[in-house]
Amino acid sequence: MRLPGLLLGPALLVNLAIFIAPMANLAALSFHEARPSGGVGPGPTLATWASIAEDEYYVELVTGSIGVALGVTVLTLLAGYPLALFIHRAAPRWRNLLMVACISPLLVSAVVRTYGWMVILGDTGLVAAMLRFLGMAKPPRMVFNLTGVVIALVEILMPTMILCLLAGFGRLNASLEEAAASLGAPRWRVFTRVVLPLSLPGVLLGCLLAFVLTVSSFITPKLLGGGRVILLATEIYDQAIVTLNWPVAAALSVLSLAVFGLALLLYGRLLRVVEA
Amino acid sequence: MAGTALVLEGLTKRYGTLAPAVDALSLTVQPGEFIGLLGPSGCGKTTTLRMIGGLIEASGGRVLVDGRDVTALPPHRRDMGIVFQNYALFPHMDVAGNVAFGLEMRGMKRGEIAAKVEAALDLVRLGHLAKRRPKELSGGQQQRVALARALVIEPSVLLLDEPLSNLDAKLREEMRAEIQDIQRRLGITTIFVTHDQAEALAMCDRIAVMAQGRIAQLGTPHDIYEHPASEFVADFVGRSNRIAGHAADGRLNIGDLTIDAPAPVAPGPVTVMIRPHRIAFTAGGAGWNEVRGSVRRVTYVGDVLACEVTAGGAVFLVEQPTQPGVPPPEAGAEVCIAWRVADTLVFPRETA
Amino acid sequence: MIGRAAHRALIAALFLFLLAPVVLVIPMSFSADAFLVWPPSGFSLRWYTAMWRETKLMEAARNSILLACLVCAATLVLAMPAALVLARGRFRGREALVALLTAPLLLPTIVLALALLILFVGYGLIGSWPGLLLAHLLVALPYGIRVLMTAVSTLPPAVEEAASSLGAAPWRVFRRITLPLMLPGVAATAAIVFLVSFDEVVISLFVVGPELTTLPVAMFRYVESRTDPLVAAVSALLVLLTLSIVIVLERAVGLGRALGK
């Protein structure tokens, strides 16, 4: 078949030029070393990898990023699940509207949404004003620290989580819940024995995406963290743009890809367990 | 429209290393003939139809239309009208647009197209709905549009892929008659794929019963029903009592019973099949097989009375039309049932 | 019944939480104050007028619109044939090709951005139109292919075969049947790809130059250095733009279908 090749060719070519080639190049670069004078030395060498492995700062960076990502993932799930279930159970004519309202923030730029959180969480923002109104003399700081970053990330990832959960709820219909109730299960038992198990694949996918997106999140920690919250992605940016140490940036990129791979592997395992 | 002869020669479709979906199938269709491909799902009937239409490539064999080999032609150059199971009407065109499409592709002039479309829609009694969109039509109406669209190009062969399976029972019978009527009037060579034996029996000149990619039996509806060539055909077409037995000395032993065979039969294990409605509550005579037994269960289905009768260790299902003034037998009653020897179907049984 | 009321309140709170940042930029954009203060001491249009005088921002906005249009066109041209083959084809390696072509969506954008930066520096593509176009294609193309593949696979079954059996050659089947039926999907793809490009910031940050920048990058830089309601005015306009595109998408194919898998 020649025609399919001809139709696929251009897209594949572009993919090769701007995806495969740069990624291979990037991986290779992590086996070079930055010259003190700037620029990249000849390779291959494990020097960059060795310096990262020995430096406690990077070890903490990786474990810290994973920790933050796990925390954000759990919070996003907790915030997204009730909303998703509510939308799923809503009457059809409301369901669509609610769904659009919930997932259209996905299409708003991360810069705008992060800026929105600065309006809310800033020292003179909405929350501070409300706390002062309630009599708190000195409201706690919520920007330029981890608290603000986590709050904003949870909100920014909620639409993705809700989308995954709704897809997962596809297998759940009202008659199943009614059947369980008719068999004498109280509401919370219906939830733990029927609703939750059936929605687990959606939960897993949502968690995978939330985790992965947090590890690679950049705009929110950069703007709301004010330089005090350093995650893998912000460090890659600083190394690449500020310090101009490309080999270290490349090695950190490969590391974050490895974290990704592990998350994906774990996801696959868990999915097999819940679907079995 | 003069009918066209269609010949399939050793038509084969293989997918990878699996058993062939269609296995060296040969069939000669007379001009103007209405042939049914009948079989259970997965028997290769739709694959065969799609190979005839050129929608899938044959792995081997040839398709001949009036002696011309069309096997290598793409579908748009085969000149065959296809009616699809789900109708496949173009949702973005109105009824007239759908019917006109094939004529436009043939580069026909506007005026001529309009006239032909009108005639085709009249043929299927839809002239008044020409401006409707497909989704504004009922299932039966969509079906008729699909038929008109396939017929208006005056194809050499008409291919019908389970065209009635999406209609409800009452409409199905109506459309059955209508399709048959139009086919006769136009004299168009037609291949009709179905899994519904009643449809095939009612509509087709000849039926090819298919199993596992081959033709198990080819014959008129009467042949297929009265003289099934194999246990499979007898079982698939119509309903049957199916009883394991043994042939010895030219007669048949089932359980403790011994009955006559319609023709000489080789000794060995056999399957005996009898249509339930050919068994009567009567004493037999010459040329009849007669059995005494007791009624186990009676089911009343309105026009038909179905009784299970146990006799000599075997169970016979007997179906008789209900009759006025005749009380149905009661469970436990001793009865005499009989059927003509000629209605006894005997097939050698493979022993594992 | 208390449980029910609490449940209602929880749902309402979560909805508010989800929509708050997007909604609140709108009142903030009318603030009369010089800084981000809630509640604003008064309302005015001063930031909307100030916005137009911020030449860097305005130039970046023009660039972003032009770039998004270019990315949109290039994506459709590249993705349409690929999506047709991938959604229809029954060849070996099809799944692998789909995975390869949509992989950039799964990987961290920061990593993709760095990879492009390193490659582009060597070819002098940093801060150039071809560079930006290619960089945006990296994320736009996978979106385009995915949404178009969904559009192809939801075409009514057998209509193309029907057209073909009625005598339409493959190209005419595409023009008369496939393309018109795919139009909603194409519109959805165009809308999504436009937004993806228009909102893209991480990759842009790495490949823009001093002479050529995009709106999100300019906003990012602005917010990094100053916190006044000017960006709220820009954001409010962007929210309105997104809202109108969401409505187009919802009308054309349903938002869930366009974004989901």
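We call the chains A, B and C, going by the order they appear; numbering starts again at 1 in every chain.
Operating definition for what follows: a contact is a pair of C-beta atoms (placed from the backbone, for glycine too) under 8 Å apart; a residue touches a chain by one contact, two chains touch by 3 or more.
All values reported here derive from a predicted model rather than from experimental measurement.
**Student:** Would you mind checking which chain's C-alpha centre is most distant from the centre of chain B?
**Tutor:** A
**Student:** Of the chains shown, whose Cα centre falls closest to the middle of all protein Cα atoms?
**Tutor:** C
**Student:** How many angstrom lie between the centres of chain B and chain C, each centre taken as the mean Cα position?
**Tutor:** Computed value for the inter-centroid distance: 54 Å.
**Student:** Could you work out how far the Cα centre of chain A sits from that of chain C, in whole Å?
**Tutor:** Using C-alpha averages as centres, the distance is 18 Å.
**Student:** Between chain A and chain B, what is the separation of their C-alpha centroids in Å?
**Tutor:** So the centroids are 58 Å from each other.
**Student:** Which residues of chain C touch chain A once you look at their complex with the stated criterion?
**Tutor:** Touch residues, chain C against chain A: 7, 10-11, 14-15, 17-22, 24-25, 28, 35-39, 77-79, 81-82, 84-86, 89, 91, 97, 100-101, 103-104, 106-112, 114-119, 134-135, 137-138, 141, 145, 192, 195, 198-199, 201-202, 205-206, 216, 219-220, 223-224, 227, 231-232, 235, 238-239, 242-243, 245-246, 250, 254-256, 259-261.
**Student:** Quick check: in the complex, which residue numbers of chain A touch chain C?
**Tutor:** Touching chain C: residues 1, 4, 6-8, 10-12, 14-15, 17-19, 21-23, 25-26, 29, 79, 82-83, 86, 96, 99-120, 122, 124-126, 128-129, 152, 155, 158-159, 163, 166-167, 212, 215-216, 218-219, 222-223, 232-233, 236-237, 240-241, 246, 249-250, 253, 256-257, 260 of chain A.
**Student:** Mind listing the chain B positions that touch chain C in their complex?
**Tutor:** Those in contact with chain C are residues 53-55, 74-82, 84-86, 88-92, 101-102, 105-106, 149-150, 153, 159.
**Student:** Chain B touches which residues of chain C in the complex?
**Tutor:** Going by the criterion above, the answer is residues 156-159, 161-170, 172-173, 176-177, 180-181.
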